[in-house]
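The following pair of complexes shares a single chain, chain A, combined with chain B in the former and chain C in the latter.
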Partner chain A sequence: MSGPVEGEAAAPPAVTPQAPNDPAAPAKTDPKETKPADDGASKKPSGAELKKLKQLEKQAKRAQAKAIVPPATQQGGPPKENQKQREQKQSQKKDESRPLPIRRRPSQSNAVPQQQAKKESTRGQKNLGLFFGHLYSQPRQHSMVGASKDVHPAVLALGLQYSSYVICGSTARMVAMLLAFKAVIESYQTPVGTSLARHLTNHHLSPQIDYLRSCRPLSISMGNAIRWLKDLIIKIDPSTPEAEAKRDLVEEIDMFIRERVTAAQKLIRDQAATKILPGDVILTYASSSIVEQTLLQAHKAGVPFTVIVVDSKPLFEGKTLARKLANQGITVRYYLITGASHAVKDASKVFLGAHAMMSNGRLYSRVGTALVSMLARSHSLPVLVLCESVKFTEKVALDSIVGNEVAPASEILSEAERASLLPLEPHLPATHPSKNKAEDKHAADDAKSGPLDVIKWVEGSDNLHHLQVLYDVTPAEYINMVITEYGSLPPSSVPVVHRLSTNT
Partner chain B sequence: MAQGITQLAPGLISFLKSLKTTPADPSVEHLISLLKRRQIRNSRPCAIATTALMLRVVGEFKGRDAAKLVERIRQVGRRLTAAQPREVVVGNIVRRVLGLVREVLDDNTGDSHTGSDAGHNTPTHHDSMTRPTLSSSISTFSPLRHAAAEPMDASMTSEMSDSSEFNRRPPLLTSHTSYAPTTSAPLVNSLFGLFSQPDDSNASTPTGAASPDGKSAHSLNLERLADLSRSTNIDLKSEVMDGIRELQDELEQSDEQIAGVALEHIHSNEIILTHTASTTVQKFLLSAAKKRKFTVVHAETYPHDNTATHGILLTGRKRETRLDEDEDPWKPLTAAGIPVYVIPDSHVFAIMSRVNKVILATHTVLANGGLVAAAGAHMIAKAAKEHRTPVVVLSGVYKLSPVYPFDIDELIEYGDAGRVVPYEDGEFVDKVDVEHPLYDYVPADLVDLYITNLGGHAPSYLYRIVADHYHTEDITL
Partner chain C sequence: MSVHTPTADKPLPDFDIVSTYRSILAGDAELTMPVAAIEALVEAIAHSSVSTVAETLALLEHHTAVLKAEIANPISLSAGTDLFQRYLITTLNRPAALNLAPGDDFRAIRNHLLSNGRLFVDRAKQSREKIASFGKHFIRDGATVLTNGGSRVVGALLRRAAESSTMRFRVVYVLSGSESSDTIEGDQIVADLRAHNVPVATVPDSAVAYSLGEVDMVIVGAEGVVENGGIISRLGTYQMGLLAKSKGKPFYVVAESHKFVRLYPLSQFDLPIEQKVLEFRVADDTKGTASKPSEDEGFFDMHGAKPKCSGVNAHDAVDFTPPDLISGIITESGVLTPSAVSEELIKIWF
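Right after this comes the complex of A and B.
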């Protein structure tokens, strides 16, 4: 029994540490031209087949859509899918330093999304390959339908909160995940014949993680935390009684949250708050919990300053931040990103939150951050990034295209915007595929079918795509200072701090 | 439903309709109120409305006194620009019409006096002259200018008599640092002929005939006006009206002319980023799409223009032209087989590394080569600069303004904050200062190329085109 289990167990860990293992080797050694072929070759035995399999499964799944999915395909489905995804993801991340998307497009992503597009009506995903095709590996899960039966209810709930952005922000997501994992561990029973250290990571935690990933790609901080947790579990002495091991784990998780998040945030905000001087106008983009804490702390300390919140659609996270700050009595001005060049004129400092800090000193954060820091730099404003070291990663990125998270494009048009587009209906081109449909529907029930139709127009027109990603990469030269719990440093020191924080 | 709105909603269409039946003065009032209420907005509708109104005003002008016509146009123009100073195009059109009147005068007096070369030379003289004058002329709504120039205006307009002009002439001449601006010859010549110039300017009639620019042109014009009123054989009015009709044609054709050079600027498989809903840009891209395959990335310009942007991409129409019954609809880009990717504005930097060219639409182009365009244009241009991506600005010449941006903030219009945060969110609106700038000023150094209906120009050359189209004496209305 333990034989096959171990065999399987051995494979995924090589994948999960995500860092220096397999695809790095071909990446380094291959001259550029042989690269695609090699890429394909290394993947073909597993990758291509898996891809086909996955597509078939997905097709089946889609076909039955929201109906009950036969458990057979399901059981088989997720692990393979996930394995594949992980592989793909990994290779993507490895590739970040090279401008690969062009090469990748014909070889890989074309094949996958084309078929998806057909069945999914998500208009021509093949064309999205032009920019982010390599990221459309799987559609985001918005329900519990496809979840493996092993997934813990707490994780199920968490996944839904992820996919609907109820829990948003990389720190919040990581903490929520760890808390859910605590529940998972507490209710875990080691099956007979295996040890906790071996079984928990690969057979119990992995499905949870895979489910979370299917709801929304893991954040860097989550990846770091998962790696830490797996490391911890594997190191558990097999002789430790199960109850004790579980208690230790739960305590360790609590400790991790306390040390790496709570205490770190306190240190950072203490330090960052001292950077706010009387009369400052602090500009911030979107919403970061640590920036919010810093501003509130400075406000409580009695420093008179005002805040400019720059925000963007579709998440409007900055609105929440602006509301919170205003409720505390801080003078807040609110701009959308289109007005950013006006906003920076009045600002004196820029505080940014981070999704992750890359090892090449670049900031990976909410899309639009790069624009704001670019404008700030052109106005010679200091740009300060507040970031816990748990969000540091050894990954590097040069642009925002190779590694990113694609969000559903239908989110671009809000309900109100769709409604305001409705009067255009009579002017849709006659060739428009959805036109006839839409007309029929309108004849039937005019008001009701409205706003959703607009999405159909967009999906129906062959060449029109809505594109949305969640992050962008800010060049290191726009950033003046990164404030972490290890101190304030230039972005070039990120890799050092990352080593410090992971080795201790 | 759309028909009903057409009848009711005041705007360009209703104005043009009413213009057919209403006399000039009420029409002026009508347009002023429309401008004030922002029921006519954006450059093209403003330009069309102003030109139509000018046609009407000139058409109803009684009498043959050119000075009075100039004064009448100025007076209307001043009121229109005061109604909506940020629609710089209104002022541009008025200046163009004034220029027409002067041109007609130049031509006619030139014919009767010293031969045809005076009128012929006019543009070139202006070219060399206008630069110094331009930099010292200030936007019509700048407080600075009001302080400095209003009295002059008043004197000029209240009594346009020969004597007052001549009285003003000497101080004006001495106010120039050199005599160069008043010389008739182009700059190059004037350098060679430095010493001969005082003689020229001292000679009475030849100077007038040969130097129709600068302040001396005023006196010249007045002489001519006097002549003109004597020689009744010139139909000033009809010539000016012909000119205005030509201006209307230019407005109509500028998009096509700009689109005509599209193939020179877009090559196959390019990725082109643009923003907001601009007819000019869409036609430009469409014209390129006939021959080439490329990809368009379209920033939606939320919250100001996003509806129009989505509309133009879905149907080839903006919201506002929807009401237009006879405007020729064109196919959306997507129907021409061009893949279009709509991105939120925040994605500009992320996408820019893959973009080959940025094409910007504009609201107004200023004399220094900078432009005022829909909000977000500045960060797009800046991101393009950071990525060394060329930025191309498409603009009809009618958007080119002699206004020099001394105070950029004056040019920026702020819009309805309710578009940013809906007023239903009362608590938020109450506590937070929500701002919604509609336009951005893009400095000239972020632009690589301007394409107008006259061709492509470097931003540094724009002053010259401005000089070609506006007479210096009209720069301050």
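Right after this comes the complex of A and C.
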């Protein structure tokens, strides 16, 4: 954090509108804003005089930078917000200094992780038109930098698996979380002067949950499981010896997974498989583990049927499903959602997985599900939703705008697609900030603009936004049946079963 | 009681559930299938010498299976047997609820069961009158009611409405020409209503759409009310529902709550019974090809379908009316929306 960084920032023309992304960013922060830790860091090697000198230097540079930055980039975002973002960038910067091995998302190239987070923070500056601005409140974290020191290593690892979609799917995420919490509980020691029931939830479990939330918003099922676990912990008798309480908790977690997931899935697939009749053509969207289990069970039972998998950007989860089913000998047709209207014509039933079932009977599931169910409805195909009751929620959703999850927009464009857009570079408007930057680069080290720059073009432009929501809401009218471990229900019975499953 | 059921592992008493069921049904014209089934099961337990909980349940399961296998259309019947079985399981698992001391032997539990089982049957019989008193308020003065089939609940409701002097209403009664038990029952209701000075017009199935313009509301009975709130009823009810919906006429279903059955059909061809309605044939092909699900419903074959144990011929065939066509279900515990049926069923089962 000293010599070379300062030197780089000293080259004035490099401080362009993109400057905040520059590694020199901390250099521009106010002395007041500077975190004490940073002060300490600079103090150690140089001493008080050196520090003062540096501060003077910094101030001079800041004035310079301010003069150069065109007002256009300052639009939107009150100063307070800017300050926050700067702080975030600071932490990101630290990240750069010691890169971590992170598993990549499919659409991600090598250098993306840090930049992504930065981009998300700059996002806030842009006027996010449409209705989705409120979903960008929390930038997603793709590293364990900045995590509280209380966060357990198992949870740290899990968070990275969430943000990179290695563990994906509402149920899988919930189970993985509970398993990680088992490790957390096992290694937990109640501090002196407090009791497990009081300390564990608020002071030990909460940081873990906060960290997981920063990696990817919690799923409904995770929320339900957390509520259940907290309730369980609070009810522990304070006189119980710690070892015993911990053992009980771990056992309870195992039981929860066994009852609410493993056994529930068995019941659901047993029941759902009977709905697959010989000659049926089952249409499914994206990928759901319970739908997959059901199809395989029916196939093993010898029912002759075929499957149509409809899939879409950006996760292409259906590819995996189609491959698995085909490997088991089921005839599978694979469509992208653009061909869904054709796919629906050939299908006889629609099986869908769920992220959550809302109390007004609506289905909250992977974006695109509503489209497929609407098509199915218009062809009067029965739409069956397979969902464990642990994914039921008392929340209601009227549309997919108020509550949703926004994934990093850059995932919309795959590596190949970015590369194919590169030849368009000469068409960028001359005032475009990234164009300037590219020129700078050419001048400086003759670097060729890579696929990553395409994202920057979009980020830099004022009137083009990426929007990638992960879920949508399917109206209850499009759903004929919800199969749960409590039996088959009409969507209107979701609140009844939810009450039943939370009270008992 | 003559037929001995040869079971290999368990020596079950020789009790002919099917003939008992038939004689109960024949003995009391007011009885519905589920209630008759429950009564037959109570009888079966009374005749047996079961001495443990497990034995009782095994006996019940055996008789239920036999009964379901022997009766051509066990949907309505299974509502009763399932309900009774559920009731037994809950009471047997919680002997404390019976106010029995732990020292009491199984005989006491059994006697309690038997008396309660009979109570169950009595209550089920009374429910029809209760429904009639609820449902008659749905008929307004000057209304014209469309109905079909030979449902006794609908008959009771219309009679009750006719008896009240404040209401004048007319009835359009859909009667198919065939000689099924439904038609006989229907003729009886029509005669009764006419005796009560209610103007009744009888029309064939094909005249439903034609007469709908004159009709203010539709009331139908049901063999079974399924979990999503739809009903299983005499063939032709579905088309009445579709037509009523398209003309914006309210479509009410009258059914006792013991007809609620844990079944969830997705379509007409998703019923657990085999129906000989769609039989595709060509000339000089005597053995009709098996019925194949098809979008076209209008075709049905009246002759040639020999009454067999499995398979229901066209006279007695049923169809499934989906819940979105139904305005309300009138039961003895109140008037429910279709979506409340599942709630009621969950209450019974969990």
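We take it that the second predicted complex is superposed on the first by the 366 of 504 C-alpha atoms of A that agree within 3 Å, B and C clash if a C-alpha of one lies under 4 Å from a C-alpha of the other, contacts with A are read in each partner's own complex, and residues count from 1 in each chain.
Note that a residue touches a chain if its C-beta (ideal position, glycine included) is under 8 Å from a C-beta of that chain, and two chains touch if they have at least 3 such contacts.
Predicted model only: the values in this text are computed from it and were never measured.
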item	value
Contacts of A:A340 with chain B and chain C, given as first, second, both or neither	first
Contacts of A:E259 with chain B and chain C, given as first, second, both or neither	neither
Of chain B and chain C, the chain that contacts the larger number of chain A residues	B
Contacts of A:R323 with chain B and chain C, given as first, second, both or neither	first
Chain B versus chain C as contact partner of A:V367, first or second or both or neither	first
Partner chain in contact with A:I412 - chain B first, chain C second, else both or neither	first
Touched partner set for A:S312, first chain B, second chain C, both or neither	first
Those residues of chain A which chain B touches in one complex and chain C touches in the other	none
Interfacial residue positions of chain A with respect to chain B in the complex	101, 124, 127-128, 130-131, 309, 312-314, 319, 322-323, 326-327, 331-343, 366-368, 370-371, 374-375, 378, 399-401, 404, 412-413, 416-417, 420-421, 423-424, 426-429, 431, 457-458, 461-469, 471-473
Residues on chain A engaged by chain C in the complex (per definition of touch)	275, 349, 382, 384, 480-481, 486-490, 492-493, 496-497, 500
Interface residues, chain B side, partner chain A - complex	1-2, 271, 295, 297, 300-304, 306-307, 310-311, 313-317, 319, 322, 329, 331-335, 337-351, 353-354, 374-376, 378-379, 382-383, 386, 412, 420-422, 427-428, 431-437, 440
Residue ranges of chain C in contact with chain A within the complex	227-229, 262, 264, 266-267, 270, 323, 338-339, 342-343, 346, 349-350
